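Two complexes, one shared chain (chain A), two partners (chain B, chain C).
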Partner chain A sequence: MARRLTTNVLLTLFLALLVVFILGPLLWLGIRAFATSWTYPNLLPDGWTLEWWRKVIADNQLSTAVQNSLTFAPLTVIVSAVICLPAAYAFGRHDFAGRKIMLVGIFATNAFPKMGLFVTMASMFYALGLMQTVLGIVIVHVMGTVVFMTWIPAAAFGAVPRSLEEAARDAGASPARVFFRVTLPLALPGILVAMVMSFLASFDEAQGTYLVGYPDYLTMPTQMYSLVLNYPLQMAAVFSILLSIPSVLLLALAHRHIMGGQLAEGFQLR
Partner chain B sequence: MRPTVTHTPSTTTPAGAAFSPPAAADAALVLQGLNKELGGRPIVTDLDLAVARGELVCLLGPSGCGKTTTLRMVAGFLAPDRGAIVVDGKDVTGLPPERRPSAMVFQSYALWPHMTVFKNVAFPLRLKGVGKAQIAERVEAALELVNLTHHMGSRPGRISGGEQQRVALARALVQEPALLLLDEPLSNLDARLRVKVREEIREIQQRLGITTLLVTHDQDEALSVSDRIAVMNDGRIEQVSAPTQLYAEPETEFVATFVGSLNRVSGTFSDGGFVPGPEVTAVRPEDISLHDHPGSATFPVRVDRVVPHGSFIEVVLSGEGQTLRAFRSGTVPVVGSQVHARVERSMAFVDGRRVS
Partner chain C sequence: MRRTRVAARSSGQPRAVLGFVMALPPLLLIAVFAGLPIVLAVGYSLGHTGGLNSVTASYAQHQHVATSGWGTFAAYREMLATGRFRTDVAVTVLVTLLSTAVVLVLALGIALNLRLRGGRVAGAIAALGVIPLFIPVVIASWAILTFYSTDGFIRSVFAQVGLDAPALGFKVVTIVIGSVWTSLPFAVLMVSSGIQSVPDAVIDAARDSGAGLLRTTRSVILPMAFIPIVIATTFTAIGVLGSFTVPYFTGPNSPRMLGVDIQNYFAAYNQPQQAIVIAVTIFVLASGIAVLYIWANFRSANSKDL
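Let's turn to the complex of A and B:
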């Protein structure tokens, strides 16, 4: 009896701490974004206002950053998908010489400290004239998504039972038809997950973008640096909330359409 | 050189009629000298088989005997190293699966989980460019054939294994194939359902008169649905016979052992005793009769064990240094008692071949 009580108390304490550490900062952020000012001993801000939101939207630099982010992230996803999905199909469906080594090799871009990689890339980019160009930024962003866009779809393609493809061939479909009508739809949940993760990776990328794009192309995460240093805290809070909107939206969408959908149900089949 | 086989109009055969081995020219499917090696190991060796129009032939054999490889060659998923596959007088050996006039029901059913039952069955017709109204009509007819019209809008993941199996059958039948291929179609069903579904499959096959090649390792399944059975062992066909013939007159020791139960001893039963010898004598358990009193050609045995099977009783006997199994119905012998056995009928094999 007493032991169960202690376990319960400890568990409650642990959960409370978890809430404080995860929800605490978010709550602080949420209140900050709407506060005129908020000083230490007071539990609530001195007043409420939408002024900071107006200021962020009116600020030319910040709104450009939002636009840039919303351009680069989808662009990165598209470019990455075009380059990586065929490779993912090959990795998932065919056994060729050097397959294992190449799979691990793709992971290598994520195995080293990013900054070191970017510095060597910068010297190359200078030589190729890619600094402060859209292409340069997209290359940096795509590099961060290659692992997601290859490994997850490769597993998804590999998980499509061969008999389903054979049944389609038997029913009279050409190999291309089989791919677009059977293989691709069945691998779609994995591909969508990879796309969501790539989008978020691109959306959150700051170091490489800063190095390659500064000062012409600044995205939301790169703007966070100057925001924290040069603007009122409340504007940083507003910007943080804006920055997290796509993540929350995409995760909610992924949850509804991938985890709960009939596509997931399909995978319970043999 | 591949044989040219001329197309002949189909001759209707009454349901249940016995098929005699078809002449090559009359056959809906001819396999000629098929050979296939996989990974340097011969899987199928010099396989010849002719299936008559409307006939259901079963490839029966243990796992690894090459029966599935043979079926996959017929479907077009594997190319034979040598030999020819002729369907309805047309050599299809070089054609990809999508251009062959056969339709296959897969062991795992292979229904597309992202399509409804209706769309699964409609898919082959849509590929052929059949009109919408006609698709609806034909799909409905196919689903009616397997009693599944009420599940048209369901997804395959939501219906039972037996229903999935029937959808797979409907998807094959809707194509009106010249040849229906069934790959272990019942192995994923539980025992009771298996008997029901196999009867349904046989009934539909006979009603439509559709030429069918069925692969199974289950002798009950083969015996109960086939017009003829081809027993395969080690990549070769050992015997092709009608079910009753196969059971009663096996040509090889392998066929005798694989189909039905068998007592196998080295030696012969003669004049009421057992004489050890080089030849193998095989006796079906139902061909051993048990008597309370000695008679002509009987020998004494002891009842070691009695195993009831419901409709019959299996009696394990020992005598003459041998262990024998006998099937009988009626009275149950007492364990440990002494009875007299007589071999009513036996087969003899030398080097695996039947000699008497």
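Let's turn to the complex of A and C:
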């Protein structure tokens, strides 16, 4: 009995520490978006204001960055889906020579540091005239989504029970009908998770976008770099909250499937 | 389970060809926009300055040009002779080891607690560990810096009771804190998925035969969840090893992690060749870790086929 109590106390303590560790920094930054000023070592700001929100919304450069981010992320998801989903289906459902090596090969580039990859890509992008183009940025973003968009849906397609499809075929459904009415709906949670992860990857990408897009195309994360250095802290805080909104909305949409193991399934090659 | 799935994968001749063709596009994309640049980069680091490398080579400072057919190791020798670089390699490896170890311990704790005790608190702890997945790394790094810095929350709280806590901004420790924060979700998802899938019957059988909680964990649960744990470990380590944003925002100017060094040599010093030498160094270290991942995956595939 006493031992159980001790474990419970320890667990509660661990939970409290984890709350501070995970949420503390976010709250500490979030409060700043509504603060007039903040004097150390007070635990709350000196006063409250919405002034910084007005300033961010009025700033042309910043609102352009918001628009750019909201354009590039969906565009990336669409392009990535078109390129990767047929491949994911093939990996999940067909057996062919080199299948496993190809699956691993998709990941191989991730072992090369992103920063180094961008440095090496830059030279080639110059030669191909992809610098400061939408296509160039989309390529950089899509590269960061290939692992998610191939591996996770591949596992989802692979896990669709064949018996259900065969039953549909036996009942006289055409192959296309079986795919759209049976296979696709069952694989949809995995595809959804892949899309959310790809959206976040694109939304989060900063260095590659900066290297390829500067100064014509700046997204929200690339602007964060200059914001932190050149603007009042409160404005960067406002911007951080804005930048987190899409992610939090997507969390609400997909958290059940992500926690349910769709993401984890995709990373175990089969 | 896995056996039937593999068996059910269609492998007729024409369909196999179709499958191969369908699987090609992402691989071609990677081959053109990652594979080719990496090959070119390695060539450039060995002193091959012609072809697609000529644009970079035209503005590069302090460049070593190949004199023999295969190239020269001069750029590598130069970097390895720099004390600064050697320190940065050591710090990068240290941060990677520490962060991976902490992430793994936390993820295992969270997952085991969820599996063996369950309940609402355990679920809340697991959900909490996944939250950083949805916060852009730029914001996370900056939030963590302000939280631990000189006028941050931790010091403010201590100051309330008259204590002087250390300022943790721009320290190597801050990089570890940031790396753990950003890497935790993936590890929690991977490890808890692995541990959740250990059947109740197996755990009950172990407990019935007199095995304690620790023994059940060590000799039943952990071996059965081995692969997801290896995946969590390797991906965390590779991610931290090549990271840029977290060390760039939260870390000190010296020593620096290699990811930040790449950017500095490339943009600030105009020495792309040296930047690539650093990138290749990270790549070699990461490849070592990746081998572990591939080995674990293939080992499992083979053992299931027996």
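Basically, the second predicted complex is superposed on the first by the 241 of 270 C-alpha atoms of A that agree within 3 Å, B and C clash if a C-alpha of one lies under 4 Å from a C-alpha of the other, contacts with A are read in each partner's own complex, and residues count from 1 in each chain.
In the analysis below, contacts are C-beta pairs under 8 Å (C-beta built on N, C-alpha and C of every residue); 3 or more make two chains touch, one makes a residue touch a chain.
Given the structure is predicted, the values throughout are model-derived calculations rather than measurements.
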Touched partner set for A:253, first chain B, second chain C, both or neither: neither
Touched partner set for A:173, first chain B, second chain C, both or neither: first
Chain B versus chain C as contact partner of A:182, first or second or both or neither: first
Chain B versus chain C as contact partner of A:164, first or second or both or neither: first
Which superposed partner A:9 touches (first chain B, second chain C, both, neither): neither
Superposed model, chain A: greater residue contact from chain B or chain C: C
Which of chain B and chain C A:50 touches, first, second, both or neither: neither
Residues on chain A lying within both footprints (that of chain B and that of chain C): 263, 265, 267-270
Complex contacts: residues of chain A adjacent to chain C: 11-12, 14-15, 18-19, 21-26, 28-29, 32, 38, 40-43, 83-84, 86-87, 89-91, 93-100, 102, 104-117, 119-124, 126-127, 139, 142-143, 146, 149-150, 158-159, 162, 200, 203-204, 206-207, 221, 224-225, 228, 233, 236, 240, 243-244, 247-248, 250-251, 255, 258-259, 261, 263-265, 267-270
Chain B-touching residues of chain A, taken from the complex the two chains share: 161, 163-164, 166-174, 177, 181-182, 185-186, 262-263, 265-270
For the chain C and chain A complex, residues of the former touching the latter: 2, 5-6, 8-11, 15-27, 29-30, 33-38, 40-41, 44, 52-53, 55-56, 109, 113, 117, 121-122, 124-140, 142-144, 146-147, 150-153, 155-157, 159-160, 181, 184, 186, 189-190, 192-194, 196, 227-228, 231, 235, 238, 241-242, 244-245, 249, 258-259, 262-263, 266, 272, 275-276, 278-280, 282-283, 286-287, 289-290, 294, 297-298, 301
Chain A contact footprint on chain B (complex, rising order): 75-77, 96-99, 102-104, 106-114, 123-124, 127-128, 155-158, 171, 175, 188
